[in-house]
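Below you'll find a set of structures to go through.
After this come two complexes, each holding chain A, first together with chain B and then together with chain C.
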Partner chain A sequence: MSIIVSAPPHIKKDTCTKKMVCGMIIALLPAVAVSLYLFGPPAMAIILTCVLAAVGTEGAIQKFILKKAIPTDGSAIVTGLLLALLLHVNVPLWIPFIGAVVAIAIGKQAFGGYGSNIFNPALVGWAVLTMAWPSHMASAGVARLVDIPPFVLLVGAAFLLYMGYIKWQIPASYLISVVFLSALLARDASYIFIGGFILGVFFMATDPVTTPLTKKGRFIFGIGCGILTVIYGLYGNYAEDVCYSILLMNSITPLIDRFVRAKPFVEG
Partner chain B sequence: MRQIEPITKIPEKVIIPLQQHVGAENKPLVSVGDVVKIGQKIGESGISPVHSSASGKVTAISEYPHPFYENVLSIIIEPDGKDASIEFKAEDYSQLEREQIIGIIKEAGVVESGIPVHTKLSPSDVVILNGMDEAPYMTLNRALMLDFPSEIIDGLKILMKATGASRGFIGIDASNSEATNTMNKAAVDDLNIETVPLKTTYVRGMEEFFAKAVVKREISRGHRISNASTMTSTVGTARAAYDAVCMGKPLTETVVSVWGVKKSQNVQAKIGTPLRSVIEHCGGYKGKPKKIVVNGPMTGVAQYTDEVPVTKDVHGILVQYKEDVTTPEIQPCINCAKCVDVCPANLLPNMLAAFANEDRFDMCKRYNISACVECGKCAYVCPSKIPIVQLIKCAKEWIK
Partner chain C sequence: MSDRPSYIREFMRGILRDNPIFCLILGLCPTLAVTTSLENGLGMGIAVIFVLTGSNLIISILRWQIPAIVRIPSFIVVIATFVTVVDMTMAAFLPPLHRALGIYIPLITVNCIVLGRAEAYASRNPPALSVVDGLGIGMGFTLALVLIGSIRELLGTGMISFMGSTLLQINIEPAMLMILPPGAFFIIGLLMGLSNLIRNRKGG
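And then the complex of A and B:
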C-alpha cells in the first residue's frame, strides 16, 4: 500500500493568497464599473494604463531581474486599480504610467516583493506623483476616479469583511476616531462619506501586508490614522490627509508590532 | 439512537503493545502459547498495566508497529472466538476510600493522552471534564455524552471522590445543546455537578486553556475557584473510571471516530484491533487511500501502515485520498495575521516561523516559542501555506 506520511495539520483551509488577491479585485470592480460609467473613456484610459503598467513592471522585474518562475501573483492588479482610483480624470496618461511603475518598483519590489513591503505600494506611487507634479495631482474642481457614490465602495468593503479578507478593527477604529475627534474640535466630518475617504479606510488602511499583526496593534493603527487624518485636515484637504495618514502609520507598523504584543499564554 | 457502534466481529489478530503510556515499558506477564482471557493483566511495570482485550492464545511477543512510537514490543493474541472474560469485581464507589479508588483506576490501566490517570488524582477542589471535540471530524466526546450520560456522571463522581473535590464541571461546546441537555438531565440530582457551555474550540494539549475557560466563567458568576486546585480530564476518562470501579473492568476498549471511509461513524473497538479491521467494519476504504491519520486532523499522526493496532490513546482515524492530500506551493508570508488571530497561546506564529526559518533561535525564545502547544491552527489558516508548526517544532528541538 502506498500511503504517505507527513506532519500535521492534515487539512488546510482553502483560502490562499491568490484567492485573497482575487477577492480584493472583485471588491474593487463595482467602484471601477461606476467610475467608468460616470467618467467614460478618460477613466478607462487611466485604469488601463495603471493596471498594465503595474503588471508589466512587476512581470519584468520578477522575470528578468529576480528570475522567478511566476511573473506576477496578481497583487499588481490591485495596486494598479487603487492608484487609478486616486487620480484625477484629466491627468495626462504618463502620470498613471509613472505612478504605477514607481508603485511597483519602489513601493513593492525594492522592499522584497509582496509581503515584505512596508508601505502600501499604491500610496507610494501616489505620494511620489503628488510631490513631483502637484499641479496634476490637485486640480481643484476636477473629479477623481474615486468620486463616486460612496455606497458603491461600501458594497465592496462589506464583501471583504464578510469573506474575512480584511480585519474589521482598523476601519472601525479609524472611522470612530475621526468622527469623535472632529466632533471634539468642532470640525466638519462630512468627508467621511466621500469616496476617497472610504477607499482609504476600507481598501488601503486594511492592506494585510502593511498593517499590524495583533488586534491591539490594529486598533492603535486605526486610531493613529484617524488622529492624523483630522490633524492634516486642519491644514490640507481631505484627499491628501487620508493617504498621508496611512503612509505614516505604515511606517510605524513594525514598531507597533514590536511593542504591542498580547501576553503569551504560558502554561502554569 | 446509539451514537457509538460496538465492533462485534472479533479481529483475526489482536496486538497489545506493552507501551501505551509515557514511562517505563511494561514487562510481559505471559509467554508464547499461554491462553488469556478478556481483562487478564498481561503486561506490568508498576506504572500502568495492560490487559488482554480478547480471549485466545498468545502467538508471539515481538516488536510491532505502533501508532505513536516506532516499533514497540507487543503481545500478539490469536482470538479463539469465545470472548471469554475473567470475572470482574464490581464495587460501590460510595463505600470506597480515596486510596482504594486510585488503586482500582491504576490497576485498570486507565490512560489519558499517555498519562496514567491515577497519577493525576492529587487533591483538588474541582474536577473539570472536557466534553469538547477537536473539530472537525472528531465527534466521540459528543457521542459518549449522548450514549453514556449516567456512566459519565458516576465516573465524574468517582474522580471527585478520588481527588477530594467538592464540585464537578463538564465543559461542552455551547452549540451542542443536545449533549448539554442530556448531561443536565443525568446530573439533575447532583447539585455539585454542572455543565458549562463553552465557545472556545478545544485543541489537544490544551487542558490548561480549557480549565481556565471554565474557571473564568465560574469566577464571573461569583464562585470562588483557583486555577491551582483543578483537575482536568475528559468524558472518556470518566467513563473508563466508571467501568473500572463500578464494573470492575480494566481498559480494554476505546471509542474511535472513523472518517473518510464508506460509513463514517463512531465505533467502540477492542484495544489491539488493527486499524484495517476497524476500517473494514466501517465499510472499508472509499478508494485508494493516500494518508491514514490517527486522531484529529489538526494534530494527528500519519501512519505507515494500516496494520498498527488501536491503542488506549487512539480516538480517531481519518483516511484521506488523493484529492484530500494536496501539497500546495509555499508562498511568502503576507503578514495577514490570520495565524495571530487563531493562536490560542497568544503568540505571533508568523514571526516564530520566520525566526525559526533563519535559525534565529534566540529570537524564537524571546517570542515565547515554548508556549506553543502545537495545535496546528496557524498552519491550518495560513493562506501562504507556510508549514508554521514544523518550523516551530524544529526550533524547539534546537533550543532543547
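And then the complex of A and C:
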C-alpha cells in the first residue's frame, strides 16, 4: 500500500473545467438539436451568431486587452448556447450578437474571466437585452428557442447530475420551494414543466462559479431562487422571473459563502 | 509655485490626472443621476464649476481665519451660499434645465468633489491657485459628464440634441437601457476601465 503525502488541495477526481464545460455542451446538445428541428434556419442563425460572437469576443479581449494567451476552456460556447436558447425565434441577428458580446465582455471578462464572474454571463447578456430592447425580448405569442418538449432538457440535466457536474441541492430546493409556495399562495405553478424554467433551474442556477460552495449554501440559494420566482410571478411572466431571481441570488452568493462555512475538520 | 506654467499644470491636472470621475471616483451620485443627456450633463457641470471655483476662492481667502475645529461647517456655509445662487439663477433663467436637474442642484452642497477640494486644496493654498484648481477639477467633471451624457443620449435615443436642435443622429434602434440608471453604471464602468487601460499602457 502506498501513502501519498502532499499539500492541499487533495484532488482525487479528474474533474476539471474543460471536462465540465464539455459535459455542459453535451447536455445542451439534445435541446439545441430539437430546437433546430422545430424552428429551422432562424434558430440555426441565432445559435451560430451567439456562439461565434461569444467565442470571438473572448478571444479578442484576451488578445488585444489582456495581451496574453489563456488556454481556452470553451465556457464561452456554453454561454453562447444558453443565451441563444433564451431568445425569441424572430429576433433580428444583431440582438444575439450584442447579447453575446455583452455577456462575455461585461458579464465575464470585466470581472476577471471564468471563475471570477459574479453573475451568470448568459443571464447578464439576457438582462441587458431585455432592458435595452424590450420589444424584441418579450414578443408575445412568438416561441423562444427553449420552448421545446421539456423532457429533452431533462435528459441533459439527468446526464449532468449523473456525471456530478451539477449538484442536486439547488434544483431540488428550487423546485420544491416553487411548488410549495405556489400551493400556499394558490398560484398556478404549471410553468415548472416549461422549457425555459427547466433550463433556468438545471443549467443556469447550477453554474458552479456563481453559486455557493457549501451544501447548506446551495439549499439557501435554491430556496431563495424559488421564493423570488414565485414573488416575481405575482407581477411578471415566468420567463423573466426565473432569470431575474437567479441573477439576484448570484449577487448574494459571496454573502452566503461568507456566512455558511463548511465545518472545519479540526475545531480550533 | 507662482510661475505661469504651474497654473496651466494645475488646471490640466484637474482634467487628466485628478479627473474627479475617472481617477478620484468622487461625485458619482449626480453623475449617475443626471447624465441622461448631453444638455443635462453640461448644465450640471457648469453649475459645479461655478460653485467649486467660488467656494475654493472664498475658502482660500479665509483659510487663516477659519478655526480648524469648525472648518467643515464653515466650508459648507460657503458652498451652500454659492449653490443657492446657482439654484435661484437657474430657476429664473433656465427653468426647463432646473426642472430636469431637480434635487441634484441643491445636493451640490454635499457633493464630495466640492467639499473634497475645499478640505484638500483650498484650505492649504493661495487664492489664485485655488481658483485654477477649482476651474480644472470642475472642467474635468464637466467633460466627464458631457461624455457620459452624450454616449447615453446617443445610444438611448438614437440622437444628440442641444438647445432644441439635433447635433448628431445615428440610425440604430434606441437601447432603452442606456437612459435608465443601469446604463449610467455600464457607461461609467466602461469609461473608467478604458481610462485605466490607457494609463496603465502609458505607465507600464
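Heads up, the rule we're going with is that the second predicted complex is superposed on the first by the 249 of 268 C-alpha atoms of A that agree within 3 Å, B and C clash if a C-alpha of one lies under 4 Å from a C-alpha of the other, contacts with A are read in each partner's own complex, and residues count from 1 in each chain.
Convention: contacts are C-beta pairs under 8 Å (C-beta built on N, C-alpha and C of every residue); 3 or more make two chains touch, one makes a residue touch a chain.
Since the structure is predicted, the reported quantities are computational estimates derived from the model, not experimental observations.
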Per-residue contact with chain A, leading partner among chain C and chain B: B
Partner chain(s) touched by A:Trp133 [first = chain B, second = chain C, both, neither]: second
Partner chain(s) touched by A:Ile65 [first = chain B, second = chain C, both, neither]: second
Touched partner set for A:Lys215, first chain B, second chain C, both or neither: first
Which of chain B and chain C A:Ile227 touches, first, second, both or neither: neither
Touching residues on chain A, where the partner in the complex is chain C: 65, 106, 110, 128, 131-134
Chain B-facing residues of chain A, complex: 1, 3-13, 15-17, 19-20, 73, 113-116, 167, 208-215, 257, 261-268
Chain C to chain A touching residues, read off their complex: 173, 175-178, 180, 182, 186, 189-190, 193, 197
Contact set on chain B toward chain A in their complex: 136, 208-209, 289-293, 297-306, 318, 320, 324-326, 328, 331-338, 340-341, 344-348, 350-351, 368, 370-371, 373, 376-377, 379-385, 387, 389-390, 393
